[in-house]
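Below: one structure in structure tokens.
Order of writing sets the chain letters: A, B, C and D. Residues in each chain are counted from 1.
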Amino acid sequence: MQNIWVHPRGARYLPMSEDIVPKIQDLLRFCHSKRVPVFYLHTTKRRDLADVGVFADIKPQTHDPDDEWSNFEGTIGAEFYEPIKPAADDLTVKKFRYSGFYGTQLENLLRAMGRDTIAIAGVATNVCCDSTARDGAMRDFRVLFLSDCNASFTREEQEATLNNFNKHFGVVMDSKALTAKLQELE
Amino acid sequence: MQNIWVHPRGARYLPMSEDIVPKIQDLLRFCHSKRVPVFYLHTTKRRDLADVGVFADIKPQTHDPDDEWSNFEGTIGAEFYEPIKPAADDLTVKKFRYSGFYGTQLENLLRAMGRDTIAIAGVATNVCCDSTARDGAMRDFRVLFLSDCNASFTREEQEATLNNFNKHFGVVMDSKALTAKLQELE
Amino acid sequence: MQNIWVHPRGARYLPMSEDIVPKIQDLLRFCHSKRVPVFYLHTTKRRDLADVGVFADIKPQTHDPDDEWSNFEGTIGAEFYEPIKPAADDLTVKKFRYSGFYGTQLENLLRAMGRDTIAIAGVATNVCCDSTARDGAMRDFRVLFLSDCNASFTREEQEATLNNFNKHFGVVMDSKALTAKLQELE
Amino acid sequence: MQNIWVHPRGARYLPMSEDIVPKIQDLLRFCHSKRVPVFYLHTTKRRDLADVGVFADIKPQTHDPDDEWSNFEGTIGAEFYEPIKPAADDLTVKKFRYSGFYGTQLENLLRAMGRDTIAIAGVATNVCCDSTARDGAMRDFRVLFLSDCNASFTREEQEATLNNFNKHFGVVMDSKALTAKLQELE
């Protein structure tokens, strides 16, 4: 998660992201202790807007190149939020659109590691998380959408996304259910 | 639109699809008269389930290979719904996942035709239509999601999808606004 | 393999394809007996040229829509060459560019079947076969390029492609080596 | 071009790359003066080999993580070759497989800039350059493969690749022909 969305000064700050920070921290500790690979997706854009395509028009509010708290390359807004950032063995994948699978090496990394299941955590539930989760499912990964580790702008968006995902794309569960499942598998 | 979703006997019949049929018929007449290219997406699956991937588990209700009203290759359920089917010059693109852009030639066809804008019509709003629309936006097409030409299972899903799309991915409008806009451009 | 390239009347007939036909027939018998999945790639184009993109200019000689021995949809040239065509359990994947992985469901099918290795047979070595083989390698499949089951237009092209592939993309072997290897693995 | 291939100490040094350096420098000057966008592709791999997939086996000679002159992230070998490196307005695209279009944002950048034609320069002709050029053609870009701005390991590889490309994928020309053409278009 990057400052633009999770830091209180971020240009697209989601207040509900506060609730998920401790949950994700716990999950990360668990994953590191069990050697479950952790991927961070990192979205940036160029200040000359060359790589933003139609989104400069669709979402002008995040495309002001002078805004240090948006997610332009090299700005404070683009940095990972301090309390949750990659540990030594975690993998960072750069992306430039909502989906972490579109135009990235994420699928290759997962295949090379022999992984067939992914769990989604982050912000925003209804935008990047959902788009990444859908794309994972279409590529035949089993996708677990973690209800208490994803945050949205509103309660309604959160629920609509989780309900829809659970019906059509994969499985919604909370992080406790995931860690219990992983422990059971050992 | 295929019988599985739009025909009353379809395995995944959406009653709300009835409302959009006349709207889409009008839109098709308009497009044909103005020589706006029309694409039909056609989703089928093999009876041996070789191409369904994880979805056989996620949605067992549509993966019974004996069901003639699901969308297995060669069944009645897979056929286009009679009142809305491709005219001579329309293009049909086969797809096998929710998104019409994933693993298909849709992007190439649009590029070859010099098109930079697409309008989405069909079912289900919150599944195939939304996934196709999102993928179009990420590929830098301007995507218009037609509020009165897409149907969902429930009113809530319909609204949640349209609101979310309009905020983050593209533009929501109705078919009257689209045809007015196209006439204005002539 | 389709008539356009393998049938003596085909618009792009490769005389060297004759040598590989019996080799591929033997290999198919072996694969069927061992239940090794067999995929046929099938390339067609629309008579209105809507899906051919830049290739109508680059290769005008195969884009005459009146030519029944090119590979337009529904023509004799597009059909599989009679002596080598899909058996009941073989899978056919439609493609529309040189690579069998580009804009198709091939990767999903291979993943769903748990396959991590592919062997390439067909025509032309230096065009479709090489492009498909390279794309497979980049997607992290182990790719075996079968020296006696791929044919080219000239001996030089054949050798250049095989040498290059073996150095940078995967492994070149003949079909006897492949079947020996598979028998050894049983 | 990165040191691994072009610097005399590079782990995969191509002596023939020396000939193309002045040609590419001239071409860059021309492009900058005419505001033709310039893209640099940059290929790196992780020292833990997590992102190299099957290539660790296929090409062990470039996968020794202690080799500072291979192209591992952060090494001298991964850096751009000093005499040819990105100017202020040039765009750099990270890639991790041979093709510059696979798993990257290259296509989006080209589309967003309204470009339909690309010219290929670099090393090695028969590996990264050819794979990128083929992928560009399959995505319907007009691809110009510059005969005097691409270098290979041997003269035979160079010729085989250029001949094959010119017959099936796009157009081969030298940089003088390209600049003449661009000047003519002004």
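Quick note on the criterion: contacts are C-beta pairs under 8 Å (C-beta built on N, C-alpha and C of every residue); 3 or more make two chains touch, one makes a residue touch a chain.
The shown structure was predicted, so the numbers you read here are calculated from the model rather than taken from an experiment.
Centroid analysis (C-alpha atoms only) places A farthest from chain C.
Between the chain pairs A-C and B-C, more C-beta pairs are in contact across B-C. Counting the residue numbers that touch the partner chain, chain A and chain B have more than half of them in common. Look at where the CA atoms of chain A average out and do the same for chain C: the two points lie 39 Å apart.
Note: centroid distance chain A to chain B, computed from Cα atoms, is 27 Å. In whole angstrom, the spacing between the mean C-alpha positions of chain B and chain C is 32. Touching two or more other chains at once are residues 53, 97, 108, 111-112, 140 of chain B.
Interface residues of chain C facing chain B in the complex, by the touch rule stated above, are 46, 48, 50-53, 89, 91, 94, 96-97, 103-105, 107-109, 111-113.
Those residues of chain B lying in contact with chain D across their complex are 108, 111-112, 139-140. On chain B, the positions that touch chain A within their shared complex are 53-55, 57-59, 97-99, 102, 126-127, 131, 134-135, 137-138, 140-142, 156-157, 160-161, 164, 168-171.
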